[in-house]
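Each of the two complexes below includes chain A, the first together with chain B, the second together with chain C.
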Partner chain A sequence: MAAVAVVTPTRMELLKLKQRVSLAQKGHDLLREKMDALVIEFFEVLRRIGEARTGALKQLSLAHRTLSVCSAIMGTIETRQASMEAKRELEVEISTRHVMGVVVPTLEVDKVERNALARGYSLHTTSSVLDEASKEFEKALGLLVKLAELEGSAHAIARELERTKRRVNALEYILIPQLKAALKFIEMRLDEMERENFSRLKRIKAMLEAGA
Partner chain B sequence: MNVDRVLKFELSRLNVHLPERRISLKDALESEKPQVAARDGSIHRFKREELDFLAKVVPKADWGRLQLPVLIALDPKLGRGAARITGEVEARTIDQILGKKGKGEELLIYRPEVAIVRRKLPTTTQYLFVPG
Partner chain C sequence: MGYKVAVIGDADTATGFALAGASYTYVHAGKDRTLAKLAKFMTSEEIGLVFITHPIAEELGAEFRRMMRTKKLLPVVLRIPDKTGYAPKVDELYELIKRTVGAEIVVRAEGG
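Moving on to the complex of A and B:
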């Protein structure tokens, strides 16, 4: 109501306020649409994160089981030795896509799984279970890259959603009611002034008639 | 007045993610890096798997007419949650994806359908906010 107190009750101010209400209303409608769309996106990303996480955990558990079998067969030291010999350079192409102005990452991996020869450890001194374990870990790596992309997207969308929601609420509960209250105040004040003027004129007319 | 300036800035930022120029599905399929430049200068990449999916849905004769990204227009005048898709090929494609039988150059879809479209085509569709 503090805003109402400082408003000058003039027709010019009334016109200005009407424009501001219209702009605020338009902004509110559009930002609410954006918020709704962000909610759709956010829940979709959350659903995909759930699926991706389940898949990645399942794959990691399988990979660790295979690694345990490998350690049991080959021996822990030999397995560790082979893992140190293995070389890996994974090329991840990081680009972006836009979800309503929110820049979310897109990760594309060319090929995660390799054949046994490309892994770098000696095939003579290692068992085939090591190949199996490596393959399972490579599969898990692909799933983890996918999960990272989704989690990055979820964080970016959540931040934007929070920001947009704050703006929508500020418009809906503070700015628009304040502007409308000021608008109502000016309209009432102008009406009152018109009534005052009218009764003043009537009084003057009555005085003039009495004088004549 | 400061609030108005912030609001105007917010409204001007709503559509900066839209592309400067859209490209056809044919061009996107032929391109090594299928992407468009957005109005804010950033790059928006299309996923290859989505393009392949669209290539299966859209008849080959229409590949040159389908402009990407397909714009999902959100207009407050349509009511909350409603969206419009314009363009004959675009509307037909979205119809097919949703399993509907519509015709005409314009298609109206609602929030659950928007969610389905966005789920299937996250990079080849974009939101467009229509100021009233």
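Moving on to the complex of A and C:
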């Protein structure tokens, strides 16, 4: 490996490498734990999405049906006109929450459902089916806001999960093996030097004894 | 802090959400113009939530996906079915699971 070639086989370097390996291992373990926790969180969110989605989509299709009825009774143009007259000031409270160091959005909306007077279109030119349609859409919107929060969280967590996974893998399959290889190289080299020294001493001793 | 809601969809979706109080509705008319509008929604400070219908999201294609990948935390973008109830065959959530967990896992709602 390339990294092996550049290390100098000294005892100092060996100590340093040993420290780096233990640090890398510690980091690896921590990231692993973080990944596990994120996966648990991710599936919890997915389960809740599953529940929320069914309800929200059902309500949305119901809303579309009532709107179709409204268009049929009042006329499409009139319905659209009423929608333009409607007060469109819905505000969603958005704040952020931390899940395992991941920032996820929380969306909250109060008073999605308004009464017919608060909606802003004129009452005497519109039919009651319009009120009905508006009500259904308001309900659907409320549910969709919750769903949006969950999906937003899922995406944020997934992104973090991916990043963590990449780091875990980089440590596990590249950095740690590389360091270990370097460690082994130095150990071998030091052992080899020891043996060389030993045989050199033996040889000198033999020479000295022969000369004496 | 209060954020406004934007909707990109067909005429009926836009009408419905306008009745429900969504502040911005945009009726899809051509890919380029919708993309420009979406980009404007994405960079707007006051919009916190964007709904876009599945068929339109699909029509916008790669450009839309790129925007979703690079977007900040806000606004949250949610794809919704339009009045035909159309939803894409490949659920993006399952794609997400496949990519992150590396295995295909089907998550169902309780009793579903």
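Here is the rule we go by: the second predicted complex is superposed on the first by the 212 of 212 C-alpha atoms of A that agree within 3 Å, B and C clash if a C-alpha of one lies under 4 Å from a C-alpha of the other, contacts with A are read in each partner's own complex, and residues count from 1 in each chain.
The rule we apply is simple: a residue touches a chain if its C-beta (ideal position, glycine included) is under 8 Å from a C-beta of that chain, and two chains touch if they have at least 3 such contacts.
Remember, predicted model here, so these are calculated numbers, not experimental data.
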item	value
Room on chain A for both chain B and chain C (clash or fit)	fit
First (chain B), second (chain C), both or neither touched by A:Glu162	second
First (chain B), second (chain C), both or neither touched by A:Leu175	first
Contacts of A:Arg119 with chain B and chain C, given as first, second, both or neither	second
Touched partner set for A:Lys34, first chain B, second chain C, both or neither	first
Partner, of chain C and chain B, that touches more residues belonging to chain A	C
Contacts of A:Ala24 with chain B and chain C, given as first, second, both or neither	first
Which superposed partner A:Gly101 touches (first chain B, second chain C, both, neither)	first
Contacts of A:Leu144 with chain B and chain C, given as first, second, both or neither	second
Cα-centre angle that chain B and chain C span when viewed from chain A, reported as a multiple of 10 degrees	120
Touched partner set for A:Leu46, first chain B, second chain C, both or neither	second
Smallest distance from any CA atom of chain C to any CA atom of chain B, in Å, after fitting	11
Contacts on chain A seen with chain B and repeated with chain C across the two complexes	43, 95-96, 103
Residue ranges of chain A in contact with chain C within the complex	39, 42-43, 46-47, 49-51, 53-54, 57, 60-61, 63-64, 67-68, 71, 79-80, 82-84, 86-96, 103, 105, 107, 112, 114, 119, 121, 130, 133-134, 137-138, 140-141, 144-145, 147-149, 151-152, 154-156, 158, 161-162, 165
Chain A-facing residues of chain B, complex	3-4, 7-8, 10-11, 13-14, 16-17, 35, 38, 42-45, 47, 74, 76, 80-81, 111, 114-115, 118-119, 122-123, 126-127, 129, 131-132
Residue ranges of chain A touching chain B (in the complex, touch as defined)	20, 23-24, 26-27, 29-34, 36-37, 40-41, 43-44, 95-103, 106, 108, 167, 171, 175
Touch list for chain C against partner chain A, complex	1-5, 11-25, 48-49, 51, 73-74, 76-78, 80-83, 85, 93, 96-97, 99-101, 107-110, 112
